[in-house]
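One structure is given here, and the rest of the page talks about it.
We call the chains A, B, C and D, going by the order they appear; numbering starts again at 1 in every chain.
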């Protein structure tokens, strides 16, 4: 599903990722971890094509990022749900419109959108915030809205960047449960986190990064 | 130092805090915890005067928020350092300028500012990012810049909202160490967090919130 | 498509305050352009009406017979550049002179007999006003035995041409200048709009929106703003036109009534919409993923 | 204070592209205002020069003696509204008539003796041009035995007043309209600036900045933008002035040389800065903590 081969990403004079090679099969549930600045977010950005590798090649769902036509990028992205570390919610849209946007971009009809958005909001426990604007939400609530937006389109790949950074233990457990359900239905999941509690004793695959290097690929 | 008496804050139809009463002495180190949406951030906002209580009174450093003149607000705020949950960094200023801003507002000279900013950056381990813009920083790096900005002015009260949400265990421990040092020098510290690891077995005071109610006031 | 329109309208409404200012800015710009076209239209109108009022006086030689006069009249009536002719007899001429001397007419009282010549006044056609042809006719007439002298406003003729050319030169400059100014205003307005939405566009892209999906609301928004601005400008032009016309009628009847082509008023909203869309397109530039 | 200036300049430079557009917008606005003042100045100039050319003709009665004529001349020379007088004898008058009749002067050939009266031409002072006083003088003269008739351009007098009043009315309307338009543009520009900085201002407040500290950079920025816009507008006005003057000299020498008061060119940047600061102040409105 996702294949990195000798991928390097250098920002100005800063090497965020250095010769990273790994592969992820369809339906896998993988954690990416490492200290602050290790390159976790950069890795996810490369997958959802917000960044381009300086060296090496990346294959996503059969596409080679080297040869991918620019006009194909939106369609590839529609198969990828992303929980951004900084949320990236639109401040001037309600919770409903923020989530619905992911579906409107895909050309869904308003009726189907309505049902799906309500389901996603129920899943993250925030149906009562449907008509609020992001500014009126607590940090954890915003994070859960971001998660709802990422899963509402039923993507084939879900990327989550620190999805529980603003959530208490109970809420975090709830979110992880949702991720596992989605994964059970066949979605490939990558979670970047510094929170070792999330993967400790789960037996799931963990990629350890440090200063841009992939230092370990083991079971949590 | 800080005294809440029957403080209630209602947003539209949502009660974020309900009849909250507690007092914090000068030099105390207090944790505020509770699930997502419990009212932790609202409590801090009331202290740094970004919100006004709908009922009850708040006393800060001898000032009563009811009778405080509007023109005095800036000077009161200068005694309070805040680590915002959403960072609130200026995207169009470098790391240096973001931190220096807190001092420039206080009217410091450029020479003193330079020394202080460099010290603060060293403390959070990001001296090499001095001239970067926030967008070029990882989530955890941004969080540490926010912390540096909060402490650079040597405030008498430090409020930190989820200051380790984007930090790995080691970095979080480093930050907590800094907070404890500052506290030892006499600064009153309030930390809002959902991360129980931070206060478990520290013996420090913890205020537990749930749905806007202060449900427990105990040692961690 | 429907969603794009909704999005655009929502955004227009959501930030109605800022957009009102934008509309006013564009409106003022288009109003100025409307005003200029209005002025040019009327200046053109007035200068092109001038030649009509301009006439050539043909003074006939003493003792020219009626047959010769009639021949000449026929010849002139046939000429394509002649609008109409008027024969002025000796007596008519004296009456006219007396009238034009007004209070000083007493100076003619010492005259024993009428010293004036009969003449033909030629009014030239408005449309076929062409200097070389007019001069050709005049030279032909001067060559005739029955014609004593031809008096025509050579100076006036030259002045009309100079004015017309001057107006055209100034027009070109002014229109160019103001079109550029308006495009600048539209561009800057939309660019500002775009800057304000930079983050939004970034998020749209990351969620998998196509370029068309991102662009459409902006184009609709820019077009709508331009259209509303144009309406405002058109209304302003119309009101000023009524105001000026009122003034002209009451105070300067000699200028005649100004004209405001209705097409111009209608063209402003349309032009505004087009300028708005052009401005939006330029401001959006080349989107990259 | 120093930091505020640095902040403003930095912000100006950091977003130089968007600010260039703002400056151009303000520049165009002030350019239009400059143009209007320039036009008004020259129209005023031309119309106020008209009365100077306007003269009153006093025709003397036949057989008026030299003593009486000299008395009258003295009386007129003393009058405060009279610029200068010119005595025209019977012979002078005939020469003048002959000249003004030009090609038609042959009509005077039948005259046996000079039928004209001697006259005094009065040129009125430009500044003390006051209708009631002029009419007073005329009535006084008409009452004199030595005066046969007084001819004055009653119509012309009325027309000049009408034109001047018309120009003033239109001026007032146009200036009001464009001042408002420019304030709108400045306001909207600064408001947009302010909207873009909303978040920044929020952060400033939370860090403990005073209102003055928040406002100062905006005021400096608005003032600078207005000033630069004014420079641009002034330059534009000056260039157009040179262009028009070139045109006038080569093609319309009869209009005389237009004048551009240097004060106007200097006033544009100053006015721009003031408008920018006013706009910024309005746009910032009442800050709340």
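As a working rule, contacts are C-beta pairs under 8 Å (C-beta built on N, C-alpha and C of every residue); 3 or more make two chains touch, one makes a residue touch a chain.
Keep in mind it's a predicted model, so treat the numbers as computed, not measured.
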Contacts common to chain A and chain C (chain labels): none
Chain labels contacting chain C and also chain D: none
Furthest chain, CA centroid comparison against chain A: D
Separation of chain B from chain C, taking each centre as the mean of its C-alpha atoms, in whole Å: 68
Centre distance in Å when chain A and chain B are each reduced to the mean of their C-alpha atoms: 29
Where chain B and chain D are represented by their mean Cα positions, the distance between them in whole Å: 63
Of all residues in chain A, the ones touching two or more other chains: none
For chain D, residues that touch 2 or more chains besides their own: none
Graph class of chain-chain contacts, one of line, ring, star, complete, other: ring
Every chain pair in contact, whichever chains are involved: A-B, A-C, B-D, C-D
Interface residues, chain A side, partner chain B - complex: 11-12, 33-37, 40-41, 85-86, 136, 138-141, 143-144, 161-162, 165-171, 194, 196
Partner chain C, residues of chain D touching it in the complex: 18, 21-22, 24-25, 28, 32, 97, 103-104, 106-113, 115-116, 149, 151, 162-163, 165-166, 169-170, 173, 181, 184-185, 187-188, 191-192, 195-196, 243-244, 247, 251-252
Chain A residues within the chain C interface of the complex: 48-50, 70-71, 73-78, 80, 82, 84, 88, 90, 92, 101-102, 104-106, 149
Of all residues in chain D, those that touch chain B in their complex: 3, 14-15, 200, 202-211, 213, 288-289
